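One structure follows; several queries about it will come next.
Should a chain be cited, it is by its letter among A, B and C, assigned in written order, with residues numbered from 1 in that chain.
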Amino acid sequence: MNWFFELLRASIGKKLLMALTGLAFCLFLLIHLIGNLTLYGGKDLFLSYVDHLHALDPIIRVAEIGLLFFAVIHVFTGLLLFWQNLQARPVRYQVNKNAGGRTLGSATMPYTGIFILGFVVVHLLNFHFIDHSQQSVFQAMDTTFSLLPYVIFYTFAVIVVAVHVSHGFWSLFQTLGANHIKYMPAIKGLGVVLSLLVAAGFGFIPVYVSFLM
Amino acid sequence: MISKTINLTLKVWRQGRKEPIGRLETYQAKDISTDMSFLEMLDVVNEDLTKAGKEPIAFDHDCREGICGMCGAVINGRAHGQEKKTTLCQLHMRHFKDGDTIVVEPWRARAFPLVKDLVVDRSALDKIIMAGGYISANAGGAPDANAIPISKEVAENAFNAAACIGCGACVAACPNASAMLFVSAKVSHLALLPQGRPEAARRARAMVQAMDACGFGNCSNETECEAECPKGISIVEIARLNREFFKSEFS
Amino acid sequence: MSAEVKLDAKIPDGPLAEKWDRHRFNLKLVNPANKKKFNIIVVGTGLAGASAAATLAELGYNVQNFCIQDSPRRAHSIAAQGGINAAKNYANDGDSVWRLFYDTVKGGDFRAREGNVYRLAQLSCNIIDHCVAQGIPFARDYGGLLDNRSFGGAQVSRTFYAKGQTGQQLLLGAYSSLMRQVAAGMVTLYPRREMLDLVVVDGKARGIVVRNLITGEMETYSAHAVVLATGGYGNVFNLSTNAMASNVTAAFRAYKKGAFFANPCFTQIHPTCIPVHGTYQSKLTLMSESLRNDGRVWVPKKPGDKRKPADIPESERDYYLETKYPSFGNLVPRDVASRNAKEQCDLGKGVGETGLAVYLDFADAINRYGQDVIAGKYGNLFEMYEKITGENPYQTPMMIYPAVHYAMGGLWVDYNLMSTVDGLFVLGEANFSDHGANRLGASALMQGLADGYFVIPYTIGGYLAGTRFPEVNPSDNAEFKAATTAAQAKIDKLLSINGKRTVAEFHRELGLILWEYCGMSRNEEGLAKAKTLIQKLRAEFWEDVRVPGASQDLNQSLENAGRVADFLEFGELMVDDAIARKESCGCHFNTAYQTEENEARRDDDNFCHVAAWEYAGDDDSPRFHKEPLVFENVELSQRSYK
């Protein structure tokens, strides 16, 4: 096991943790998105999707525990890296200017990350940790998105997630060592598509629920 | 060469060897020929300071043709200045306008402690090379140079990585003060060549551990290093370093 | 040492091709178990220094390695562009050890030792093998084998290269081997140290005094042998292609401690450099001489013609090299091309703002082959030119001018690379041994690495094994104390003058004097004038120089002041040597000695020798010694390029 702890101590090892958990979250986002898209098919379609999901309960439990475990690793490692990176430059520059490498996504990763953590907590409180015998997920959604501040918050949060993904997606491939002159442009393109899908697919739901349904 | 002269205001970081903190001091650079390099402009300012009985600005420099990697400063927030693929000694004053104000700061990183003014201690980069940036071949035992053919493409890729001049601009430009581009350039150069394969796993592991021990930050794929590297070294090398590192850890 | 001292080069007996083998057999060996008991100081981390330090450590010696920069990887060898010669004959075009030997001796205008040059040619092949094993990414062809090019007018393709950065790659190879030994604890590295004196105890080099450039402290180090690999003295001219920190100080202080200085007037002036643009220019940038393969050199026919090059019609252009040397044209050797450029500018036909430049025009080549072909050959050089000058050489002719590039002269060494001080070895550009009066392209890298990887490891063993060494402790040894005190006294003196002129002003003035009178062409009258001017300037320096800052600090003005102070003495030695050599040969062109075709006319009857100068005190002229050169294997001939 020595090698494993040595790996985790190394900067690249920690990056590997971020990349692998990040990859899991990207997959989760994609599945979550596909599921939620049923909403645009109307209430019945959406509820049948929810029912199907609950039929897979044991698997869902495992997945939830897995996601929680990944989240702890992702958040803890991310914060550790963030703190270490701040330490690495004790005296800051008087003038800061980008050379053209940084993007909105890359420059804000720790901040969007912390925001997303808060958002996930709120999101779980709104839809997960509710008494499902009292109200269905659809009802919870209806109640939540009848309040304008929630609509704005959710739409904004989903855009933040998209910004996080815009750097995170291609970056995880780079960290895993999958950067090739031929294929990297495609990976970067996929990252952009995924973040746009996240922003549009999820972002439109609160608006749709509150104004159009 | 159509030269003209410009006047500039410089704000230069000054910090004595034993001073815990420094400050930006303002100097006027007058009648600067646009054909001068940035370092020649600093020479002129230093001549004026000397004649005025003040101590000149200390800055590292040597070959002044962009290959030794000795020079470097952050100019208006940009490592080696705003021009692409350029070291500070090759940054010419024609890229500045009359009346410009230029802020000159040293490389900033915990792993590069400041020595004096714009001079920093980059011996951390030597320590990383010591950890494994070599092929263990004693003089005298080599086979004929043509004994192992190496494809032109591989040789060129190795050369592109080997072009690193060790100036430290990647560290200075990285928002996290990470040295991954530097480390990856050496690991890639040697890992690509058949002569370097026998030690590739040990090398990647040892160099990354040495890098971590020196107090550099972690890579977060901001790609500022690639944008500022005077030799145009690509982050493709960092991906290769990651692969080499995983290979060595998981095998 | 008396004036009758006989310089013994210790060239081994026997046929040329067997000398080195025989010598290696005859050299005493140090028992492997005893090697770690020997300390060796290596000053310098360029190709010669780093390769020597690494290899000696590989053998088991304790090495202390010093360099002036913050890291050994920055030594000026890194700037060499063109390539490295080796007699591999991979191109199957008739090359051989013998041909490389012959070309080098002839190229040096028959002022180098046959024995040394032959050994260099033999070792050239081992260098390439070792460098490939080290991971140097040399250029390769599609089959995966090493590519060669012809360089500097050579008739065979024997130059190995890594784009235009061969020096960088070779140096980083030597540096990596060195760092491996540092990690192994066999080499202790001392960066940011400047050697200020050699310590000689009982007639043997036993240590050095260095200044720690960060703290300003004087430090002393003792050893059983001292190896100097401190490079050339081209910066005596102020403007040269050398790095800013390149200097003569270490070599010159060794000279003052008894090491003879050989052929100091031999400095190579390279024809294709980017011209000077103003008073504050700090260095000159070389562009590969391969440019002359396609560029045509010209100036306006009429002196003082300030029109743009495009406005000067063909009939009013003077393609002087093509007219004067119809068979070689623009491809005449470095010294001839340089001398002619200066001559045109002296006639008032120079171009550019300063009038100190000639055109190198690619218009014809671009018309004939197309811009793509020219870009493929010289793209990176054109980019470099544009970066520095702001002009696009595809559209307007380049401007070039000669610049000081390499020092063939240096400390005198014998076949073992040992100077006239026992235990002081000198390698690379710092010694004088292999290039005669002119160095061929791609030979400097070869010599530095041959000295460091393959000569010194054997010859230093021979010295150490055959010598008895009494204990020397720097802290209570009188010689060490005296050297430290003297070095500090000089620094204190420099800081105390507090005059009006800066160090750079003196350096510029010295450079102009030497460039004018001891540069591309020389004459008795000018040299005599230069001697007086240098003496006057030196006196003024010690009365009126201003060196700001403190002694116990990082003080770059002080570093420069010490170096310029030595240049001011060394410059006079160069002039003395130029005066004494009453012939022309290679780079040393005395206008009184030329053929009817304006070529250098050697005087083999009276000057076929190495001139070695012995320090005789600050107030006395240096003593002249002669090492006659014996040519048993080549016939002395006259160069002609008409």
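In the analysis below, a contact is a pair of C-beta atoms (placed from the backbone, for glycine too) under 8 Å apart; a residue touches a chain by one contact, two chains touch by 3 or more.
The shown structure was predicted, so the numbers you read here are calculated from the model rather than taken from an experiment.
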Classify the chain contact graph as line, ring, star, complete or other.
line
Central chain of the complex, centres being mean CA coordinates:
B
What chain is the most remote from subunit B, judged by the mean position of CA atoms in each chain?
A
Taking each chain's centre as the mean of its CA atoms, subunit A sits from subunit C at a distance in Å of 61
Taking the mean of the CA coordinates per chain, how far is subunit A from subunit B in Å?
36
Could you state the distance in Å from the CA-based centre of subunit B to that of subunit C?
27
Contacts with 2+ other chains: residues of subunit A:
none
Among the residues of subunit B, which are close enough to touch at least two other chains?
none
In subunit C, residues with contacts to at least two other chains
none
Quick one: which bits of subunit A touch subunit B in the complex? Just the residue numbers, please.
3, 6-7, 9-16, 81, 84-85, 87-102, 106-107, 109, 167, 170-171, 174-181, 184
Residue positions on subunit C within touch of subunit B in the complex are 51, 54-55, 58, 69-76, 78-79, 88, 90, 126, 128-135, 137-146, 162-163, 165, 168-169, 172, 175-177, 179-180, 182-183, 189, 191, 214, 241, 243-245, 277-278, 280-283, 285-286, 352-353, 387-391, 399, 453-454, 457, 500, 502, 504, 546, 548-549, 553-554, 556-557
Note which residues of subunit B are touching subunit C in the complex, please.
1-3, 16-17, 33-37, 39-40, 43-44, 46-47, 49-51, 53-56, 58, 60-65, 67-70, 86, 90, 92, 94, 115-116, 119, 121-123, 125-126, 129-131, 133-146, 148-152, 155-156, 158-159, 162-163, 165-166, 189-190, 193, 195-196
Write out the stretch or stretches of subunit B touching subunit A in their complex.
11, 13, 24, 74, 76-79, 103, 105, 108-111, 114, 173, 175-178, 205, 208-209, 211-212, 215-228, 235-236, 238-243, 245-246, 249
